[in-house]
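In structure tokens below, several structures.
Across the two complexes that follow, subunit A remains constant while its partner is subunit B and subsequently subunit C.
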Partner chain A sequence: MGAYLSVPSWWRNLDGRYRLELGQCPDCGAHTFPAEGACVECNSTADFETVEPEGTGEVVAGTTITGGAPPEFADLQTQEGSFGVAVVELDEGARVPGMLTDCDPTTVERGDRVEAVVRRIYEQEGIVRYGVKFRPMD
Partner chain B sequence: MRDAYLVGAAQTDFGAFPRESYRSLFSTAFEGAVDSVDGEFDRTEVDEAYVGTLGVGGRQLGLSGPAVTEFVGLDGASCTRVENACAASGTALRQATLAIRAGAADIAIAGGFEVMTDMSGDQTRYWLGVSGETEWERMSGTTFAGVYAQMADAHMAEHGTTREHLSRVAAKNHANGAKNPHAHLGFECSLEDAMNAPGVADPLNLYDCCPTSDGASVAILASEEAAEELTDTPIRVAGAGQASSRVGLFQRPTLTGIPATTDAAEQAYDEAGVEADDIDFAEVHDCFSIAELMAYEDLGFCEKGEAGPYITSGTTEPDGERPVNLSGGLKSKGHPIGATGGGQAVEVFKQLRGEAGDRQVSGLGRGLTHNVGGSGGAVAVHVFEEGWA
Partner chain C sequence: MGVTDAIESAGAYTPRYRIDADAFAEAWGTFDAPGVQRKAVPGADEDAVTMAVEAAKTALDGSAHDREGLAGLAFASTTPPVDEGDVAATVAEILGLDNTVETAAFTQSTGAGGSAIRWGTEVPDGPTLVVAADAPLGDPDDALDHAAGAGAVAFLLAEDGPVEIRETATYTEEFPGTRFRERGADAVDSYDATAYERDAYGTVVAGAVDALDEAPPAIAPTAPNGKRPYRAARRLDGDADVYETAGDLGDTGAAGPLFGLAAAWADGEDDVALVAFGDGASAVAVRVVGTLDASWDRETVDVSYAEYARKRGHVVETGGDD
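Here is the complex of A and B:
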């Protein structure tokens, strides 16, 4: 039993899932991820300007999940072992949570540069959900 | 403003109790709270009941408040179920306080319950994840331990906090919990054992994490007029603060603290007319070791970034200047989500009345409780003082 996100609720967020679309606040200029709700900087609810980021940034906090993974990621952990999860600060300023990929997660540290790549996230109700993970840059 | 007084409080044992139901647990806590009242307590005089639960397992998600109050003979009383994740019963405590202060109730109860140990591992992990930010944070693959691990990672990098600082929380709280007959994990744990436990979410290991528990807690609050009839040892709710913050860590302005703690504490201190330095002892929300260290800073017990040296100094040990988590905290006493905030009030009630048995510390006059929902989306902070206003 994993966290339940219906297919429509995944679909309505695809701009965020695939391209990390950000919302730029017209009042203070800060970027918010995902591009909805109130501005993370000033709480303004004025309509965001949507911005597509470069998809690059740096790790500001990270962990390697070695104990029990959430059920929707249990198969991944069984097949590939411990995986890394980071909070990434994009170069535009917004922070995004994301899984690390294509690396040994224990070697990734705060301050490391990463880039967004689209990967399989998990499968629910027979439908594979894709979205962004982060890969260390050389 | 009318004052609210804590005139009774009790908790069940916290632990794994497959023969108990959420109702029988609540009943045990409620009857214990009634017995703890000095005077003659008439349950038909309860005006308002606030019951905290997350509803882990989904057993009675709707009307889970009345489902327990009917069981203890409060049929007819206004009852509201409160959901604020792990801060549910701290929030219930504040609602009961506000109802009395507002004159809407003369007697109110605040409690909570949770049954967490009778499910499969998958079910437990599902339910533990429902209070994180679901759409994005959870889908990045993180657990609750993972989110706190990210905070620990940032705290270590920014402030030089160490493995040993984290493990000192476990060693201290287990030493305290070993003296608490209600504790789930009531055994001692050496600093060395805590430092060398198996990993869960780097840098956090097993001894950085609290257990999941079954249990219930109930506090009985009364207006001054009602309290005069019920108690000779009044404990006043001097301050009741509460705040919210972004549910997902990635949307908060800081990774190394919980802004809602600072905000809720400021309200509670203002109401009580005190400062952090005036707090004699505290029960803080140590769901993970880093959470207790951040609480020291966010509550103002020490400067930002100084939590590591602060715990090393011994200040928060039972014989220190400001004991923290004399009950054993969530780490040793246990963490039945909806009952935890109420359980903190039980410890403050007992310590201020000199009824804490082997773990009693003398000379305590003002205690604080700090109850966090999720990774900081909701926080309730209360200040309790011995004596009439």
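Here is the complex of A and C:
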């Protein structure tokens, strides 16, 4: 969140933004998100195998943003009030940061089950940036 | 008919939020959407694209085809996020469809879902997702906004499936000044002559249904509110049952007739004419035989009028409770 990201840079990782594509390490089998750089488990720099996760996981950390969000989230804050951000451990093992949606963020706790959904993250320069958020599972 | 004239699977999606007609009337002073008891309200981070994706994923989950095998994707909405730009490509990319997929966006008409189905059966050379998603918006004091709901329905068209698309028919006649949206505007508008609008709707819906070879026992027309479809049905020969979801979900625009069809299936109907009507005006009637399941059950949360107005981006002072 927060840092300006050009559209071409955004576009480079659409598979990650839209479907949380993970990199699976050929050496140890661990999953890394985003699918670039070194393995989060064993630091191997061997080429990842890209895999698509189910999109379900568990909240491992979270916080509620009640004010002072970066300007691109100002409209969201006006319209929806406070919103949650969390780190989610996917069932495949990778940890992914993301915003929470369709919930009162103050009721979401560590260990809650969530699923990935694609929402409008923000709009900038007339361009809607879509991406994954996490929604508590019924 | 084309190569993919069966519906193999379906998916439907509605947002989490609801507002009751009573809550709306209490805060705003009046509620001018006939026959709407309750309606769906999209979250601020939802739009036609995100709702389309939800419905499409459910339809894909119910299909024997995997996403790489899809030949086409049709997207229908009166509220695409941009006036120009292939919004269907965004939906295809989010779904992870193959780059060889053929896409088309149908917009500018609440009848767009019917045109998308027609395209889906005729044009792509293989299984095709047809998804209608909408969240109409009007001025806060306008009946069109009071009726405005939100939701999406997707059908996966294939060579074989439990529902057969048996026949289509169309009717077109100009009725200027019925529902329209000016270039560059967000809010839908109309000249506001109720009898004239009803006549336009009734003439064109009945015109398309009457043009079918066989009178259907049930119809699922575009539903701008929860009353107009029933009034129009009286103009039809025979005694067709009417299905609409505007009473529960509000006006779901281009998705409306597809929701109506899903409601007809849920009620056990297996011979239904979906009638996609668009003001202006034209209609496509699609007679389908068979049934599928397309439920949009989910946990919902009621919002106040103030919350509703904020989520929809209306700048209004209500003085109501929050």
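We adopt the following convention: the second predicted complex is superposed on the first by the 136 of 138 C-alpha atoms of A that agree within 3 Å, B and C clash if a C-alpha of one lies under 4 Å from a C-alpha of the other, contacts with A are read in each partner's own complex, and residues count from 1 in each chain.
Assume contacts are C-beta pairs under 8 Å (C-beta built on N, C-alpha and C of every residue); 3 or more make two chains touch, one makes a residue touch a chain.
Here the structure is a predicted model, which means the values were calculated and not measured.
Asker: Please tell me, clash or fit, for subunit B and subunit C sharing subunit A in the overlay.
Answerer: fit
Asker: According to the contact criterion defined above, which of subunit B and subunit C contacts more residues of subunit A?
Answerer: For subunit A, the partner with the higher number of touched residues is B.
Asker: Just to be sure I read the superposition right, which of the two partners does A:V128 touch: subunit B = first, subunit C = second, or both, or neither?
Answerer: It touches subunit C, and subunit B stays clear.
Asker: Is A:T66 touching anything from subunit B or subunit C once the two structures are fitted on A? First, second, both or neither.
Answerer: A:T66 sits against subunit B, while subunit C stays out of touch.
Asker: For A:Y18, select first, second, both or neither according to whether it touches subunit B, subunit C, the two together, or no partner.
Answerer: second
Asker: Who does A:P34 touch here: subunit B (first), subunit C (second), both, or neither?
Answerer: So A:P34 only meets subunit B here.
Asker: Applying the touch criterion given at the start, work out whether A:P97 contacts subunit B, subunit C, both or neither, answering first, second, both or neither.
Answerer: Once the two structures are laid over each other on A, A:P97 reaches subunit B alone.
Asker: Can A:V118 be said to touch subunit B (first), subunit C (second), both, or neither?
Answerer: A:V118: touches subunit C, not subunit B.
Asker: Report the closest approach of subunit B and subunit C over their C-alpha atoms in the superposed model, as a whole number of Å.
Answerer: Value for subunit B versus subunit C, nearest C-alpha atoms: 13 Å.
Asker: Return the residues of subunit A at which the contacts from subunit B and from subunit C coincide.
Answerer: 76, 121
Asker: In the complex, go through subunit B and note every residue touching subunit A.
Answerer: Against subunit A, subunit B makes touches at 121-123, 125-126, 129-130, 133-143, 145-146, 149-151, 153-154, 157, 198-204, 206, 246, 248-251, 253, 255.
Asker: With touch defined as at the start, can you tell me which subunit C residues reach subunit A in the complex?
Answerer: Spelled out, the residues of subunit C in touch with subunit A are 16, 43-47, 49-50, 53-54, 81-82, 90, 93-94, 96, 298-299, 310-311, 313.
Asker: Would you pull the subunit A residues touching subunit B in the complex into a rising list?
Answerer: 1-3, 5, 9, 13, 16, 32-34, 40, 60-71, 73-74, 76, 83, 85-87, 95-99, 106, 110, 121-122, 131
Asker: How about subunit A: which of its residues touch subunit C in the complex?
Answerer: 14-15, 18-19, 52, 75-76, 78-80, 101-102, 117-121, 128, 130, 133, 138
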